[in-house]
Amino acid sequence: MEASSVKASATFSGGVHPAGNKELTSHKSTVSAAIPKRVVIPLSQHIGAPTKPLVVIGQEVKKGEKIGESGGFVSAPVHSSVSGKVTAIGNFPHILGMDMASIVIESDGKDEWVAGLKETKDYQMLSPDELKKMVSDAGIVGMGGATFPTHVKLSPPKEKPIDVVILNGAECEPYLTSDHRLMLEKPAEIIEGLKILMRILNVKKGYIGIEANKPDAVEAMKKAATGSPEIEVWPVQVKYPQGAEKMLIKAIANRTVPAGGLPMDIGVVVQNVGTAAAIYDAVRFGRPLIERYVTVTGRGVKDPKNFLARIGTTFAQLIEEAGGLTEDAAKVISGGPMMGMSQYTLEVPVIKGTSGILVLPKSEVSTKPYGPCIRCARCIDACPMMLQPSLIGLFIEKGHYEDAKDYNLMDCFECGSCTFVCPANRPMVQWVKRAKRELAKKKN
Amino acid sequence: MKDMIKITLSLVAIFIAAAIIMGVTYKLTSPIRFYAEKKEKEEALKEMAPDAKDPIAVAGTWTVHSKSYEYYAATTDKKPVGYIASTAGKGYSSFILMLVSIDTGLKVKEIKILHHGETPGLGDQVEEKSFLGQFTGKTLNQIVLVKTETKENIQAISGATISSRAVTNGVKDAVQTLVDKYGSGIAQAAANEVKK
Amino acid sequence: MTTDKVNYGTIIKNGIFGENPVFRLALSLCPAVAVTSGVKNGFLMGVAVLFVMTMVNGTVSLLRNFINPKVRIPSYMFIIATWVTVTDLVMAAYARDVYKQMGLYIMLIVAFAIVLSRAEMFASKNKLIPSMVDGAAMGMGFLLALVLLGIFREALGKGSLWGYKFVETKPLLIMIMPTGGFFAMGLMMGWLNWIDRKFFGGTGGGGGGH
Amino acid sequence: MEATPKEQPKVQPKAPPEFFVSIGPHMRTEESTAKIMWTVNAALLPATLMSVYFFGLPAILVIIVSILAAVMAEAGMQKLLKKDVTVSDGSAFLTGLLIAMNVPANIPLYIPAVASVVAIAITKHLFGGLGYNVFNPALIGRAFILVSFAKPMTTYTQPVANIMAMDAKTMATPLSLLKEDGIAKLLEVYPNIYQDLLMGNRAGSLGETATIALLLGAVFLMIKRYITWHIPITFIATVGLLTWVFGGKSGLMTGDPLFHMMSGGLILGAFFMATDYVTGPSIRIAQVLFGVSCGALTVLIRLKGGYPEGVMFAILLMNCFAPLLDRGMRSRVFGKAAAKGVKK
Amino acid sequence: MLEKVLTIFIASALINNFVFSRYLGLCIFFGVTKKMETSIGMSFTFTAVMMIGAALSWFIYTYVMVPFHLGFLKIVIFIGVVAAFVQAADTIMKKVTPALYYKLGIYLALIVTNCIILAVPLINAEEHYSLFESMALALGSGLGFSLALIIMASIREKLDLADVPKSFQGLPISFVLTGLIALAFLGFSGMITL
């Protein structure tokens, strides 16, 4: 299991070991997806205020042109990922399961970059504030799936000095290999991105955490980091959810994020490796975030692949390029199998946080009814937050939301470990979401 | 203020009335209770020595398990026909209180269990005839608890050894006491009888 | 209810069924479990309670204009304690073997919530005869409940009723032990709730404590 | 919205296949309640076979009757309460089997049947069925019949190793011999006491006699991670320690821990009943406390109490305390301690 | 002497536990164990009142009632003693420690005519216990009762989440549960001979 002689013992307590299934795509080099004929770009691809559209129907746009303006501090602009014409602005299916405001652009096939992209070779000379502005303008958000606007994370309040930056290359979700491929194919860009991050935050120490089941990625990153003594590459134990922010910090920096707090409370900023690469692109070439690595995988597609895909490409197109659905394809998930969201239509677009599209065949879809909790405590052992999911689940099942809150419901980040291990098949995550919703309703 | 006095007075009145009612009842019932208790005891003793024509009187006290118990001499026309002792044995969850009587030959005549708090179904089997009957006719030295089948000694109830032992020990202690008190006298009397 | 027309039938039905002190109101549960290891004990306890309740209600009703409302609770306590003492003394004299087993519980009738609550709720507002009937009806309900429990426990636990054996073995000894008392009470309450729900459309169950 | 939508979204442009939609995670383990229960049943198989070998036909009858009564009681109660009948999950089967393991071989057959019915109907289903019972059903069933039918429940027979033996001689268990008659008598009846305890050639309840067979099943369960060390090992170790310190006749530290650890129902109880998920605590530290307390209570009852064997009552008593233990030990949430030092 | 005190203490706490084997205090037992907090408050208050009530009753019984042959008045007098003491405690607590009063005061009202409080002096009188023995009984009974309350409260929290059949919800299942706990407590029997 341990690929490297370095500290692969680094980890957290709790967690589970779902089957990785990464061999479906981990060895396949990334291919660029065809330029989509039509892209659907949601105005809200991040946590925070939605963007305001800058274009009108019928307007011609170029690749990289800003089409949605940041709606506040915690927000990020969106850019066109193709050159073409705006054909619609309205509500379209979104991976969150509902229709949301989006801009539809028909590609003209020319794929022309917008004018005025500024290349900066000596970006090391720029001030942290200038760099931060470039990140903000490029519309970069956390690409591991959380989609939190990156420039916000890079602006900690004065009383919370940051001394460690960690790049998250753990990719603990089963099936997904997009970060893995990125680390193999663009290690230098990632390292440069990390250096920019460290410069912005004025931090002397950078780490890259990678699950030990990706020895080749560890090697590649180490090679790229030679000559940069301030950067360390750390293999971490293969265990879900190793890639969760709090867990990775625990494993690498051995610091504990306080309950209800943020990593910046203990002087740490964590960014996904994809985000680092995007930051490099933005700073070095002035390119906004318009494409990303997406793994299309699962036994429900005929030819699983890693793609470099434009934001706004529909799932239907990518699946088509991956050989199409198999006969028994039964469930389409945006993201990984643990925290990803199942989709009812293939018309949803790839957004900035879409790390993968997973299609499960019927045989792998669990439709078993759930039974009573037998208090086996597997979920308690699995919970990385050391909660008691069994009891919280029981409380919520009976509608005792306040009791669930007493048992630290709010510390749950819905990683799904408890539900994964539950022999009685109890839908704990679903209940937790419900309870949080109900409690929020009561508060208002 | 006037109110306070009135309230107090009414309470006092009720209390006095209550005390009178209770007092009267007590006066009326306590003799009945006293006689009932006495009769109960007499009858129990009578059962232990049916041949005794005279009233059975307390002859003294003895001590076991740091508590004091009485013993009695049963007589007919002032001549002893048997001796009785109350006794106790330390059982499984309670002290088993008993009456034990012996005849003038110092052999056990009758055992009566007055009170016990042993486990229903197990320990309370000591009350059964099949167990208590074993004691009849035994001499002091024969009162030994064994676990195998026996004619000579006392066989323990299987599964209720502790309770069986409690009864056996209680009986043995009582018989020992009676023999100590009256054994020589009886021997003397027997000797006198022979002389005559 | 202070009118002259008092519906005695309603009072009696209420005491025995509608507001049965044990199964319905769940008041004064201690003796219901404690003394019902046999029918005889349950019956005598019931009679004691019946007597105390009738006399207390009668006395309170007689004195209702004399007792100052500010000290009515202490006054009622005196009255209850008096009649309990009387019962206690009488039983100690005339029913010695039973008294040995349940003397403590006879004395504790004084702490029964049901006695005080009937004095307060009914007797203090009604005339002598209706009050006594109410007390008797409540006592009757109590007595019936105890006898019912006694039958259940003695029959199962000892194979006898009122001390007369009807089978040779002791079918389920546990029923006359402390734990069995709780079982009997719980099962019987649940069973009565079930009957009520099934046949009388009641909402039985979920009964509160106290 | 500033712009008015012109093109309505095409939700299903070319009739895509119907997809399952659910909230994640979309992967589950292979484990299931039924699989766990049947595995525990399987782990009891060696002990069951040993009991049949030593006690013959009566043992087989007791096992069949107990299991049948338990399964029928479960189905009956579920029908009565209008719930789905789930006898196939093996939990009623397990309760029945454990009851059979806990009674003497030559017991009248209606007695284990009563225990099974009490276990399933009262202890389990009145409290809401699987997962909600407060007490271990099999142990309540056993306690119920021990109190009700004390005599047949304490009359043990000699192991005969003959399948057709119907009327074996009665024989006292090693523990009751030690308690009531002392060590000399014990060695007279069981000259090779350790060997007898290990192999099961002794008087006792069906399933508690063959220590080695029980350990085999227990190791299997621990390898499968169906049980952890927290309860059984601390339980047994505590019994060993305390009997060594207090169990001797000639002063402190002169007891015989090995004898006490292998005799009575300790191995059976520690590995197969104290570890019951539903009725024990689920937090690990609480489990350790639970195990230690079970051990201490067992020794207390064995050495000072009225019963020669204390495992059953010790576990039942600790079942009462399990919710309290869980409640007291729950404060270990990730980041809770760190949160106290942070200014908001 | 010391041995007897210890015996009385252990017996009254575990073996002859008021709830599980003497069936006393059931109203309170079923009434307050719906919540852990009230159970704990009740436990403290009860134990304290039992100790003090038993001590006061003992002095009155030994030095007034026995010499004057007023034994037959014990029910009235013990009730009066407990009620007067509780009333006094109520008043004093309200003045001296209002904080404690708001925590425990509400329970005091429930105590006055409770059978379990009354049972302790009655048993002491019946058994002719010495002062130390009386205190041992009071303390043992109080702690035993507290134990019962706290166990029951913790189990009922768990039971709250269970699918108990409708007819058995509330009191019936609590009775069955108490029976099961009492069955477990039988394990202590035989440890002490009374």
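Quick notes on this one:
Chains here go by letter, A, B, C, D and E, matching the order in which they are written, and residues are numbered from 1 within each.
Note that a residue touches a chain if its C-beta (ideal position, glycine included) is under 8 Å from a C-beta of that chain, and two chains touch if they have at least 3 such contacts.
On a predicted model such as this, the values are computed, not experimentally measured, just so you know.
Listed here as common contacts of chain B and chain C: D, E.
Hopping across touching chains, the smallest step count from chain A to chain C is 2. Each step here moves to a touching chain, and the least such steps from chain B to chain D number 1. Highest C-beta contact pair count among chain pairs: A-D. Centrality annotation: D (chain centre taken as mean Cα position, compared with the mean over all protein Cα atoms). Centre-to-centre separation of chain C and chain E, using mean CA positions: 22 Å. The distance from the centre of chain A to the centre of chain E, with each centre set as the mean of the Cα atoms, comes to 60 Å.
Centre-to-centre, using mean CA coordinates, chain A is 87 Å away from chain B. Taking the mean of the C-alpha atoms as each chain's centre, chain D and chain E sit 34 Å apart.
Along chain E, residues 72-73, 76, 161, 163, 165, 168, 173, 176-177, 180, 183, 186, 189-190 each make contact with two or more other chains. Shown for chain C are the residues that touch two or more other chains, namely 74, 78, 81-82, 85, 89, 173-174, 177, 179, 183, 187, 190.
For chain D, the set of residues touching two or more other chains reads 122, 126, 128-129, 132, 144, 147-150, 306.
Pairwise chain contacts in this structure: A-D, A-E, B-C, B-D, B-E, C-D, C-E, D-E. Against chain D, the residues of chain C that register as touching in their complex are 172-174, 177, 179, 183, 187, 190. Put simply, chain A touches chain D in their complex at residues 18-19, 52-53, 56-57, 87-93, 97, 99, 101, 104, 174, 246, 256-261, 265-266, 316, 325, 329-333, 337-347, 358, 360, 364-368, 371-378, 380-381, 384-388, 390, 407-408, 411, 416-417, 419-425, 427, 429-430, 433. Interface residues of chain E facing chain B in the complex, by the touch rule stated above, are 15, 72-73, 76, 189-190, 192-194.
The touching residues of chain D, when paired with chain A in their complex, are 1-13, 16-17, 19-29, 31-33, 35-36, 86, 89, 128-132, 277-278, 280, 282-284, 330, 332-342. Only residues 26-31, 33-34, 74, 77-78, 81-82, 84-85, 88-89, 103-104, 107-108, 110-113, 116, 174, 178-183, 185-187, 189-191, 193-194, 197, 204-210 of chain C touch chain E when the two sit together in their complex.
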